[in-house]
Structures are given as C-alpha cells and as structure tokens.
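There are two complexes below, and they share chain A, which is joined by chain B in the first and by chain C in the second.
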Partner chain A sequence: MTGRYLLAKDHLVPLLRKIAKSNRLVAPVLNEYGDTLFSHITDLDSAAIDLAHQPQNSLKSFFFPQTEKLSTYLVEKSPKTGNVRYNFYPHTVENQPTAYVGVRSCDMFAVMYTDMTFLHNGERDNYYQKRRDNAFFITLACNHPFPNCFCNATRSGPFLELGYDLQLTDLGDRYFVETGRSRGMKIVEQMGQFFKPASEADRREQFQLALEARGLFQRNVHVELASKILQEQDEPVGIISELSSRCQDCAGCAYVCPTCTCFNIADLPLDEESGERIRSWDACTFAGFSKMAGDHNPVQCESQRVRKRFLHKLLHDVAKHGRPSCVGCGRCVDICFGGVDIISFVDRVVKTIDHCRDVD
Partner chain B sequence: MAGIEFQKQERQNKHQVGPFRQENIYLPHPAIIREIITENETVSTFVLEFEDALYRQEFTYKPGQFLMVSIPHQGEAPISISSASALTTTFALTVRKAGKLTGAMHGLSMGDVVGIRGPYGRPFPMGDLEGKNLVFVAGGIGMAPLHSALFSCLEHRQKYGAITVLYGSRNPDEICFSEEMKSFEQDENVKCLLTVDEAGDNWQGHVGLVTELLDMISIDPGTSKALVCGPGIMIRFVIARLESLGMQAPDIITTLERHMKCGVGICGHCHFDEKLICSDGPVFTRDELTNLENI
Partner chain C sequence: MAGLATTFGSGAMTNSINELDHAQVVLVSGSNTTEAHPQVARRIYGCVDRGAKLIVIDPRRTKIARYADLHLQLRPGTDIPLLNGIMRSIIDENLVDDLFIEMRTENFFAMRDMLLQIDLDQVAATTNVSKCMIRQAARIYAQAQRSVICYCLGVTQHICGTSNVQSYANLAMLTGHVEQEFTGVDPLRGQNNVQGACDMAALPNVLPGYQSLDDPGVRNKFKQSWGVELPKTQGVTLLDMTHGGSVWSEGFEQLPEPIRAMYIMGENPMLSDPGIKHVEATLRDLDFLVVADIFLTETAVLADVVFPAASFAEKIGTVTNSERRVQLMNQAITPVGNSRTDDKIIAGIASRFGYDMEYESSAEIMEEICLLTPLYGGMYHDRLKGSWGLQWPCSDRTHDGTQYLHKYSFTRGRGRFEPGDHVEPAEPLSEEYPFLLITGRAYHHYHTGTMTRRSHTLVREHDRPYIDMHPEDGKRLGLQRGDMVQVDSRRGTCNFTVKLTDQMAPGELYCDFHFHEAPVNTLTISCSDPVARCPEFKICAVKAEKVAL
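Entry: the complex of A and B
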C-alpha cells in the first residue's frame, strides 16, 4: 500500500538540498530568457525552480541525449602486412543517481513508454539503461492542466497512479505526498523530519482536486475515438496528404515529443585513423529517413511523411501496447507552425466519421 | 592525433571483462576477410572469420538472418548472411556495390578487417520446410539470403522433396554464384532455371522476367513452399503469380529490405506499417503481410 504524507511547502527546498547531497537534481527551472526548461540544478540557492509552468522540454534528452557517442574506433594499418586493423571501444556512460523533480504525469508516462522501446523490446540499450537505473522521480500532479494539454484523453494524467517514486499534489500551503516505488518510501524513511502523516481530510482534499482537474481541460480531443476509427477503416489518405503537404520537415514535433525516440547512427571520422560512432535524434518525417540505396524510398514524402508518426502513436502502439504512445502533453501543438500537430490529426479523423454520419 | 586522447580512458574498456562488450548491443566485433570471391563486376562474396577466438566459437546463425557490417569511416549496413550454417568458423556475405559503404567494402583486400554485430532478425522457418517441395525464386542480389537457405537444405538433402531454383538477373554478367548455378545443370538434386532481362551474345538461356520461369515448372500447391527474395516489385509480381497458381499465403515466404540503423528493433528506421523489418522480420510469410504496395 502506498503511504500518504504531508510536506510543508517551505520544506521542499530543504528536502531537495538533502536529496542533492547524494543525487544530481533535475527540475523545471525558469531561465534568464523567461523559458522554463528541465535543467540540471547545480546550485539550489540561485536556481529558480518553476513548478507553475510546463517545461518546454520533456525528460527525453536526459535518458537519450540529442547526440551521443556510442563508441570510438581506430583504423590502423599494419606496417608489416599492410592490412588494416579495425577496433571499436565503447563509450562509457557517465551518470550519477539523479532525482527528477516536478515531473508531470504525461512526462512520467513518456518515460515508461520509452522504457518499453529501449529496454523491453527484446534487446536492451545499455546507454539508456545506465541513465534509467540511476533515476528516481518526484512527480507533481496537475491541478490545473495547461491550455494545450489532453492527457485525460490519452489516459496518462493529470494525476498518476503508478510510475512515480513520490507524487506531490499541491494543497495550497503544503504538498500531499504519495509514495509509489520503493525509492520513494526510502526517502520518507530516511528524511522523516520533512514529512508528517496525512490525515483523512487531506486525502479527501487531494481526491477532490484530482476530480476537479479532470474537468479543467480546455481541449476536447477524441483520441480513443480516432484510434478506433483508424482500426476499423482504411487510413484517411486525404488527411494524411493534406497534413503532409503542410509539414515543413523541421522535425520540431518529433524532437519535443517525449515519446519519439527514432535515431540515426553515423560515423564521424576524426582523422585517417580514428573516428567516433555517434547516434543522434532522427525523425520519421525527414525525407531521408527511409531512403535506401539507389535513392529508392518506400515512403512517398510529399503525401506520406506524417503518416508513420500519427499511425504509430494512435494505431500501431494501441494494437501493440493497449494504449496510444501520445501522452497528451500538447508540446507539438505549440511547436508546429504548419498546424500539423496530433490534435489536428485526431480532429480531422473524427470529423470524417461525423461527416459520414451526417450523410447517412 | 585525435585518437590518442581517448586511448587512456577507452582502451581500458576493451580489456574489461567480457560482460560490457557482450552487453553493448551496438559494439561491432572485428572480423578478418579470409577470402574474396568475385561474383561479377558489382558483386563479391566476402568470407569472414572473427578475430576473437571465443567469438569465433560462439557465433552461430540461421539462414535468413543478417549482420550489421561496419567499414572504416563508413558506418554500418545490414547484409544478409549468404553462407549455410555449416559447422565452420567462417561465414560469408555477398555484397553488391550500391553506394558509399558497399563501395568501400569492395575496396578491401584479404586480411583486412571489418566490424560485425549480429546475427539479427527472424530466420527462414527451416523446420517448416522439411518434407516439402521447395521453390526458391530470386532476383538479382536477392539470391544472397536464399543461397544460405538453399545450401542448408542441400546439406540435409534427404529431408526435403524436390528443390527448384528460379533465378533472374538483369544480364548474364550479373548472375551471382554462377559456378554453383552451372553445377546444378548436372545435379539431379536441384532443378535450376535462369533468366535474364537482356541477353548478351553468349546467352542461350531464357530471356524475360523471372515470373515466366514459374510457368515452365509445375508446382503442387499442397506440398510446396516458395521462398522469394529480390527487388520489391519483383517480390510483388512473383507472389501474385504464386497465388494464382494456387499457393496458399502461409506457404509463400519472402524476406524484405528497409533502411536500417540499429538492426535490433529500437531506432525505428525499418518501419513497415505496424512492423519493424529488422526484428519482426526480415523473413515473413505472405499472410503476415497485409499490404504489398510499399515493399
């Protein structure tokens, strides 16, 4: 059973200070440009932790950096035989235990989803795993969803029932604290001075907030209906080609998306005899993503470039994992200047049906 | 020398005890080119052996599987294993010069080293082939993965019924494994028919599409299995022809190609509808493929 505690708001920073003694801290920080981003906190006194706004980035890059060295290689010509020796030396991931603080449920769900891709798909990605093993999460339930949020429709928020180590709910002058995974319980045990048991009244207050939050979404996105339509009917060719034609191929959507993890692997020669093998974020909307030798491309970019992205999240992953791999964070809505975001796709798919019904 | 800098830290990694190297799925292992067989102007077969004796012993594979091949400074490419899984420590890759990496590979010599990781992918269902009449239909470099399956079958010839090989090339000079194909002429174990798109002066054989060869043999749909590999469009036409001859979808087996980076189902590059070709395939039966349009 999960434990329930209270944490006075002015105890949060002291608690983090204590946690920071043996962990790196990552939390939403308001920077000098007025942007809130998940950032490493080196100095708790000067960092402006901002739990009021949605961080523009997700946690993706902390587990799966935008570019990362996989290995270094050496190519050496044997002076005796003239033959080439060719060896790879793995890059060791430097990573410390890290506390991720102020993580909202959409981003927590995204981490659980990327776990499936990197760890549970048969082969384990040990670069990802090293960082993941070192992570624990102090999440923040969303009392007030942001304008583009629709995690209620993707079943990934606004409150968490699993995945977190500690979940905080803002009760005004104090946080209601739930312990999820064992590391959360350990923190409460080890740092008991910050926590006191929550009362039944506190629990009811939190429950009430969770209920109310569900009613506060400004967007009404029919994700499940769209998935159902995609399962039952041929894919909506007209919608895909319309949205594809408006896509400028910038990959902004895939980069801000907390669950898009496609990557490229390429060699970066340093000199004649050495180089690095680098992996970097890629996006299925890029024209070269599927291109094969002889310029053969099984994906017709003009009309299909957004097809994989939307069908993967709303059709293929629903079939495979029983839930969409869109977590409803709304970041792609903010970033796409062509309006080719997942909400616009869902809306169009749902409309085709409304339209057909009207005709009937 | 940029190389020097990392050596201190990372050279040590190599000498760490086995597990990290094993655990790291992205780390290629050096393999020495023992032999290069020139198949034709653009295709060569590279016979390889791992440098590391332990790896040499442990390495096994099944027909239809592929390897990720690293060539210095060129990155990696997926290449099917073309040898049969006989009990040798060597294995073979038959590679067509198609671009940067494969071009550089053709510039290598015996004794040179390439990087190898794998084997990856779902192999041909060799068990299901036993007791069946087998029809291998290949186009161009598509013969490479089928060669592995074909020679595994020939190693245990008595386990299979009639074996027929239908092989189409653009012209007579582009036929791979031509020695072996020629030897089938005198071999009652295998019936082999070749065709080319354009005949040269010395070509007495058939001219036309490989689908036409299907009309020159008789297939009993109930007792046969077909293995098909080649360019996407050829696969599509051959499958259609096999179906019109009465073959059932589960008896038609093909292997598909996609842009690949990781080879292990993580990077997303090889998507094909809901499938990842590298880990769900590359071998599929016809009934597993709903849509042949973009293969």
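Entry: the complex of A and C
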C-alpha cells in the first residue's frame, strides 16, 4: 500500500543528515565549475545539492564503474609441481548501504533496465549485485522536463509508478512524498518526525502537476512508431550512412547512456610478477568492438558505425525485453557534437516512411 | 606561423572556430580535419548542411575530401603553383577585390606581374589538377562574400612551408576575404597548447607575446621584473639543436659552439623529429641530458637525469588553443607518487642555480604573464575561471578578448603580398626510390603514443603501424590486405602492415609516426623550411616491397 506524506523543503537536509548516519549519500551536486553531477556527498553543509538541473552523468557508474578491477593476478610457482602459473585473486567490492537522492524517473528506470542485463540473465554479476543490493532511491518527479527530454515517448517518466523507495514531487514549499518499496516505508516510520500525512487536496495538486508535466515536453519523438517501422522493414537506406559519416567515433553517446552496458576486459601487468584484470566501458560504435581475427570486420565502420547502436536500442531490445532500452533522458543529444543522436535517428526513420507512404 | 606573421603581422587563426558556422565557402587544405580536428570538422559539416560550399586541397582522398563539392587532389608539394593558378583565374575573371587591395595591402603590383606570367596549362601539368577544376575553385572561393581558408600541417611541413602559407594569405587578400567576421585564414594548430607555447616564446627569436628580443624597452621591462640581464643573442631552432653540433650536422647551421647539455620537457624527439639517427647521435654526444616527462620515453631512456612530471590532470594552468583562446585547466587529482608539476621542477632547478622563483601558485605566474605580455594583459585566472576562456589580444581586465583579428587593419599595418614560386621537393623521386611518402597522424593516437598507447581501448582500435597504398600499386607489388611491406628510404627502413585504399593516389604512400616499432622518422629527411625551420615531413622518396613471411 502506497503511503502519501508531506515533507517541508526546510526538512530535506535534516532528513538526509539522519539518513547519512547509516548510509552513503549520492545526489546531484553543483560543483565549482558550474556542472551538476551525481556525486558522493561527504559533507552535507558544504555540498551544493542541485535538484533544479539534470545531472550530466547518470547513476550507471555507481553500479558499473567506467573502469573496475575484477581481480589481481600473481605469477606464482606451484610448491608441488614447480610449474609457474597465473593465479587470480578476485577483488571484493565494498558493500556500503547507499541512498541515491534526487534521481529522476529516466535514471531510476535505467537502473531497473540494467538490472535485467546484470541480474536476470542466468549468472548474476557479483560486482554489480553487491553495489545494487544495498542501494535505495529517493526519486524526484519531473515537473518541468528539460529541453532534450523525451521520457514520455519511451514510457519511463516524467513521474514513476514503481521502482522507487520514496518519490518526491515538488509542490513549491513542500514535497509530496510517496512510498514505494519497503525501505521507503521504513524511512517514514523510523523518521516520522519529518513527515506529515498528505491531504486529498495535496494529492490532487500532485496529480495535476503530473498531468501538466506531460504537456511540457519540447521534443516530440516517435519512439514507438520508429520501433514498429523497424520491426516491419529494414531501416531506410541512407539514414545510417548519413549519420555514420557525422559520427566522430568518440563513444560519448554510449558512455553517457544510462542503459549502455557493454564492457571489455583487459589484463594490465603491473610488473613481471603481478597485474590486474580490469573491465572498462566499451561501445559498439568502435571499430575494434566487432573486429575479428585477421582484421576482418563484419561492420563497415565508415558507413554503418552507428547502426548497431540504434537498432539495439529500438529493435533488438524490444524483441528481447518488450520495450526499447532508451529511457529518453536526452544525454546523448546533449553530448554529441555531430548531431548523431537517437532523436535524429528516430526522426529520420519516421520521416522517410511517412514520405514513402505519401508516394504510395 | 612565420608565413602569416610576415603577411598579416600575426601568426594565428584570424577567426574564431564558431565563425565557421556562418561561412559560405570553406577551403580546407592539407588537413585531415575529421581525424585531426573533429571539433572543426563538425562545424564544417554543419555549415555545408546550411548550404555552404566545401573545397578541399589534399593529395589524399580523405573523409572530408570525399564530402567536398570540389576536391583538388594535387601532387604533393605543389601548393604554390596551384594557388598561383587559382589566383590567376581570379584575375582573369575579374573577381579581384580592388578596393580592399588599394586600402589594406601593399606590394600588389609585384604579385600581379608574377601572376600574369602564370600559364594555366603549365600549372595543370605541375599540380595534376585540371584547369577546369582550378577555375571552378577560383570562382567558388572568390564569388562568395564569406570564404574561409583552414589549413594544417599538409601546408606547413614542406621546405617551402612559409611560402605555401603566404600563398594562402595572398589568395585571401586578393579577394578581400580577411579582416572580417566569418572570413579569414585559419591555421589549425595541432596540440592543445602549441599556440600557447609559441605565445610564451618557446621560439628562438622572441620574448613572450612575440615581443622583439632586440627592442631595448622590452628587454628592460623583463630585466626589471626578473632582476637579470637578458641574453642578446637569439636561440637556435629545434632542428638545429637536434641536428647541429654533431658529426651529422652537414647542411645545418654550424653553431658557434656545440650544444653540450639539453633539458627536454614533454617532448620525444627520438620519435617525432626527422632523421632519428642524427637525433640519437646528437643526444648521445651531449655531456648532460635531462628529460622531464610523465613516462619513460625513447628520449628519456637516453637521459642522465629523468624528472617524473605531473600529468594534465594533476596541475592547474592555462592552455591556448587554435583560436587564441586561453582556457584554465583545473587540477583534478594531486600529483601521483613522486611526480611534480613542471613549474615546481623548473623552480627547483632555478633555486639550485641560485635564482629563487618564489611563486605561490599558478595564478601568480599568470599575473606575471599579464604584467609583461600585452597580448595576455587581462588573462587573470579569476577571469578565466568558470568560463570558456578569453581570446587574445586581451589588453587588460576590462577587455573582453578578440573574436577575430585584423579588424579594420592588419596587425602589421598593411597586409603584404609575397609572390611565391614553385619549389621542387628536397628529395625527388627516382627509379630506385619511386614512391612518395607522406607522413601524418592517426585518429586514435597522439604524437609518439607515450600516453595513448597505454590505453587498452585505443590500442585495440589501432594496434600496429599501417601504411596506405593505392590498390594498383599493391597489385603491382603482389600485396594483399594485411601483408607486411618493407619501406626503405636513403636513410632507414621500417616495416608496416599494408592497407590498400583509393584514398591514396597511385605512387603515393601514407603512414603515421605514432609507433616506435616503425620509427617513421628514420625514413624522413631533415631538410626544412629556411624561415620557419619546419621539416619536410610530408615528402620523401622511398621504395616498398613485400616482406616474405
């Protein structure tokens, strides 16, 4: 049963201070260079928590770091046989409970999506799971979507119906608080001094805001239509090569994408006798991602570089998981300086097909 | 740099990068823009989307060349005749900007007289570009209101580099395409701070901000601030340092006294300079060699003392980019291990010499730069913080920086036409060495790979030295994709994996110099431009043959 409460804005930091006694805190923080990033907060009084802007990073790196040590290896001589061999010693992940605060619906949705990759496919990824197990989420509903947002089109926002522990909605001087998963309820019970029950009027106000927010999107992106078109036919000729020619091969889109989870594994020697096995983010737009022995590459990088990425998001993941793996956060739109983003792909797919229909 | 300095009076991009968005014609020369300057390339793509015309002058059919409306695939080293041909066409078609020439330039008559001697058929034969394309390029460039020239090392790294640059400057002045917003002559500088290094007088003949070493007033100003008398003699150029003073010094300026000690910072001449054997001999002949770098480079290995320097992420300071923009770099982490920032290393050495450099911070050093360098007069750290920086000239705290140069008049007063003649490459092709080798840079690696070859993702993307060859040449040599090929010049040998591609013209080869496994600069020649002393990295004669496995 979802509970509905009110939290005065003045009481947010005091609430977080209590929560921080037994949790690490992660929230959007405005740094001294003017960038808002999800960051660990060590000192609540000096950190400038910024709930007004979309953080430039998603939560991905907190569960799946950009570079992560998997194990250490030592070149050791077996005392029995005298043979020299590589012995691997797995790296253990610290396992501190963490509260993620100010998470918007797209990012919360993305966490649930990456769970499907790391936790629901047969073998579980221990490194991911350790970090994920002790996480809880105080999310923030989006009253005002940002210029490149389109979570309405990917059905991942701007308000959440599940996944959160507590969801806050900004009602001006106070937050409307909904409890979702059990940890959220527990917080309200343990720290009841901060919460007041919400009235029917408050609930109506929140409902009204949720309705209005849906009308405030500046981009009209036909994600579902594009998915449907791609299921029915090959992607229209020319779109991929046009966008690929603008791609500068920086992988910024995959790195900022909250649901891109491809990684590569490498062994890095530290000296003659030891080294580390690490994994690091990878991207399907890199030529080396699909390069095979003898330098054969099934992907023509110059003309098809971005094909795999867009089809994965809008076609293959729909077949596998029943929905596109784009959550509409707009970060790839913000970061790509060649204009090779998912919105431009969707627009072109939909436009070409409309055009074809006109011709028919 | 020297080329633009003599014609315009200032050796830097005249425009800002953003102005490219509004150009009507972009002429790109000797620049593999999509790989070497992607941030510039995307603006070129953008303005072409908005209807601008793109002309590319390059011996290779690069990605940007394939995107161009007009690709002039010239024979390497024939920029001057090609430009003379274009300018001759402009005169023939009466597209000259007479008013601009009258008001803003000098020496035009010499230029005109030279151009009237030009025979377009001769030009077409020399450059391998058809007359029709030359005329088309002339019309497209001259008829537009806002035409921009972007050039890079394909223009400068020739024995006639200075004259090449002057030719592009001549073209811009002839049509009045300079001194205004959205139109000018823009050298794309390579590294994040090569402009800043020049600005701070990492040049042999000037003081910071290009102030003359010979000017007593300037010398006095520095003397007052530093408390020492400045030497009056000019320094020597990099090539004279690494090639002079050794048994290999033939053809180089004989230094009055051989150099006996060197202090090299963040540079790896054992891979990056031409004629590596000469470089090695010079470095080994030194009494004392000090190298400061973040990794033990090929050069550092030869040093008597190596200082572990801090990386970009470990220090605070400014860098100056192509468009003269001074930007503040913020320290992200404290120096790792025993490494120190460059300024601490230098100050440490100075104090052992008995001269204390007592700077509290990088900001204090910047205050001194502001005080002594008029170009940087208002570039205080507090002004640069939290912004995208300021573009020089910026004279004082109230100055907002300068978007484009030479507004209303050239820095040197009048722009000077410098007529140029074709200069044959230093090393002609021969029967024994029939291929022309062009060297350059690849997308995934930076310079000698000191840093990038330590990133496993970048190494996966580009893991070995390749050489590009036209498929016909490959066929003739019995080569297939992935075969090993041995390339010899009169000076050395390197092995590469061959890539057969029609990006190359037949008879021409291309490779990058990032790999110590194939030290390309053992092949290149040490001949250089007589003014700028920039080596002819872009042309040398080689032979190639298949390596039997």
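Operating definition for what follows: the second predicted complex is superposed on the first by the 353 of 360 C-alpha atoms of A that agree within 3 Å, B and C clash if a C-alpha of one lies under 4 Å from a C-alpha of the other, contacts with A are read in each partner's own complex, and residues count from 1 in each chain.
Keep this in mind: a residue touches a chain if its C-beta (ideal position, glycine included) is under 8 Å from a C-beta of that chain, and two chains touch if they have at least 3 such contacts.
In this text, all values refer to a predicted model and were calculated from it rather than measured experimentally.
By the touch criterion defined above, A:G34 reaches chain C but does not reach chain B. When the shared chain is aligned, chain C comes close enough to touch A:G338, but chain B does not.
In the overlay built on the shared chain, the residue A:V84 is in contact with chain B alone; chain C does not reach it. In the overlay built on the shared chain, the residue A:F286 is in contact with chain C alone; chain B does not reach it.
Within the superposed three-chain model, A:E205 lies out of touch with both chain B and chain C [touch as defined at top]. In the superposition on chain A, A:N264 makes contact with both chain B and chain C.
Touch criterion met: A:R246 reaches chain C, while chain B stays clear of it. Look at A:D347: by the touch rule set out above, it reaches neither chain B nor chain C. Within the superposed three-chain arrangement, the count of touched residues of chain A is higher for B, of the candidates chain B and chain C.
After overlaying the two complexes on the shared chain, residue contacts for A:G294 are found with chain B and with chain C alike.
Residues 264, 266, 282, 291, 294 of chain A lie in contact with chain B in one complex and with chain C in the other. By the touch rule above, chain C contacts chain A in their complex via residues 34, 38-39, 41-42, 45-46, 63, 67, 330, 386, 443, 456-457, 460-461, 481-482.
Within the complex formed with chain C, the chain A residues making contact are 32-34, 245-246, 248-250, 264, 266, 268, 280, 282, 286-288, 291, 294-295, 302, 337-339. On chain B, the positions that touch chain A within their shared complex are 1-3, 6, 9-11, 13-14, 20-21, 23-30, 70, 72-76, 98-99, 102, 108-109, 111-115, 232, 257-259, 261-262, 264-269, 271-274, 279, 294-295. The touching residues of chain A, counted against chain B in their complex, run 70-75, 81, 83-92, 117-118, 121-127, 261-267, 269-271, 273-275, 277, 279, 282, 284, 289-294, 298-299, 308, 311-312, 315-316, 319-320.
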